[in-house]
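Read from first to last, the chains carry the letters A, B and C; within each, the first residue is number 1.
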């Protein structure tokens, strides 16, 4: 696989030259592979939000560079603007950015800004609405008349309608109930499989990212703490807990079983994998 | 970028100026402004200047901070100075084309600039040394006699303090909305004035929607915490006049009296 | 002990919007909350949880039936302030329930409204801030605090009224795991040490497990009601209501299906680990 995003020696300092000056990101280096699902985790203030706003050029690095497909997004003005469309960013609580009269118009805002013609815009809106799980009957309604969960889906459709190569979701399930959460994650996963897009998902919920991500990027105080597959990351569960992160419930259960003396792999994080191991033990017992 | 805006910035401290009752400071500012507008000639302006310098020194506010507050007003100050310089009749000193510089013009321009600077710096000293909440309390207390004529003093004070509470929240929210719309390719920097004005819609609509939602939730939360208007309300921090307040107010009155007396002398 | 909240045959519907039909929520709901208990209310969005919460301190009034709080009828307007003082309410978004731009002034808001004398307010504010562990932040501006800290300030603002019951409507929905844990621990302290009745509306099973009693709501009715162990062992029922089941319960449930007979009510990680260890050790 080829690298699609390369983050090179990135740092970002807020409020330079004032008493509030602080380093949100300190010299980060990593690459994201084309088509992968990367989970980004870290507690509040670890630099997650600052990092993702660099990937589509919303924030300018204090030092270092961000490369998209091998090319710096800061090469010239056009490249920076193109990065906005190549990297779709879904902010936390994105439903608060809706503003158009109808759901259709709101989803069309991004594609229109790209300068597409009406036919292309329409095609993209319909496809994005379907991927995001926006009901076809809602398209002509005002976005403000929809339920909270539906509003969020409209906002997500508004970003994926730009058909970005990379989509970044910042806490997409925050505040949703379990059923809505599961269904939205399902939509994201279907979308990725159908389009082959690269997906980055920032989340507090270890259980969500553990199941969905190919690799996890763990941030702590503006630096990369770990980067690896979920199994590799959860094998260092103690370290995660010491930097204030939780581990999936299955992982903490298996850590405890290991402590008690059962021959289990503590880097287990899904119920299915857990059952497999436990049933094997039972067979052996 | 919006975070850099300072609105009635307050520098916490524990000097005598900080500790004065907010009502005293409000009244002093009022006396100071009245005196300033009654000032004529050098001695009275000098008196005001001495008063301000003493107050600033006591407050330990760095003069740099006060001058910084003057910066946005620079254009107005220069403009009024120039107007007064060129358009005052009197003894002509120099003349070219349609412009005349007169002795009176120089005097007027000088005093006017001094007056604006003293005015702005004096009021800044008030907001720099008094927390917004203390200012609101002070204002509510000073205006309370107006309740007798059914003037909504409490409601006004409550509105002011809620506005102060929500300004940072709404600024933060505006920043977020701008970023979110930029991420969808919104362009706020190019195009003519109409295009730019139109580009504001994707920011303003979500901002208003959110402000209304917040107002609605806040109203419910306030009801839940037994808010039922100003009637029978008490205060965590009650305002008390101390000896220093009385002395300060006497000083303020003396200053005003001094300035009035000095009007009769060309000094 | 008696009931803190007693809901009898509650009927309620939201008024029609945009010319549509009224939206019915409750059609004869009965529920009692015992004084001193810690009750979690679960249910997906639209199940009526928040509407029920708003009936507990007369923000909403019943269309039929009655809601009594500590013997007071919420429809009795003469007792409105006393009802709201007795049953405090904390909402989801901490930003939208703070009135003042200094922490201690915000906590003082309710006692000020109640006409409590200044010295007494000072004492209540200090006590409330100490209880939630935010005393050191008393002169801070709320917008500079984290979500969890703001929510604890909101709780302090309610306990400064010295209520006998607190209803929290998804107080942790917008918080990170850290903030969530701080808030839940604060709520537990209020219940266990200060004897305040707590009604916690939540989506998170891990929070509900810590209550004495769990009520699961669906479409304005009570689906199931009991101790956490009684409720969370009903795996099929919870799944049908669109609720998640703790991973520990899922594992034991599936193992039982595969022929083991383990107790389903080993909810906590520790209990579950011991049950598994005892069965599977060689």
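Please note the rule applied: a contact is a pair of C-beta atoms (placed from the backbone, for glycine too) under 8 Å apart; a residue touches a chain by one contact, two chains touch by 3 or more.
From a predicted model like this one, the values you see are computed outputs, not experimental measurements.
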item: Longest centre-to-centre distance from chain C, chain (CA-based); value: B
item: Which of A-B and B-C has more C-beta contact pairs; value: B-C
item: Centroid distance [mean C-alpha coordinates] between chain C and chain A, Å; value: 30
item: Geometric centre distance via CA averages, chain B-chain A, whole Å; value: 45
item: In the complex, chain A residues that touch chain B; value: 53, 56, 58, 81, 84-85, 88-89, 91, 94, 96-99, 109-110, 113-114, 144, 158-159, 162
item: Touching residues on chain B, where the partner in the complex is chain C; value: 131-133, 161-162, 164-165, 168-169, 172, 213-214, 217-218, 220-228, 232-238
item: In the complex with chain C, residue positions of chain A that touch it; value: 43-44, 145, 147-149, 174-180, 182, 204, 207, 244-246, 248-250, 252-253, 256-257, 260-262, 271, 274-275, 278-279, 281-282, 284-285
item: Complex contact set, residues of chain C against chain B; value: 57, 59, 81, 84-85, 88-89, 91, 93, 95-102, 104-105, 108-118, 121-122, 125, 141-143, 157-158, 161
item: Complex interface listing, chain C residues touching chain A; value: 18, 44-46, 92, 146-147, 170, 173-174, 176-179, 203, 206, 242-244, 246-248, 250-251, 254-255, 258, 260, 269-270, 272-274, 276-277, 279-282
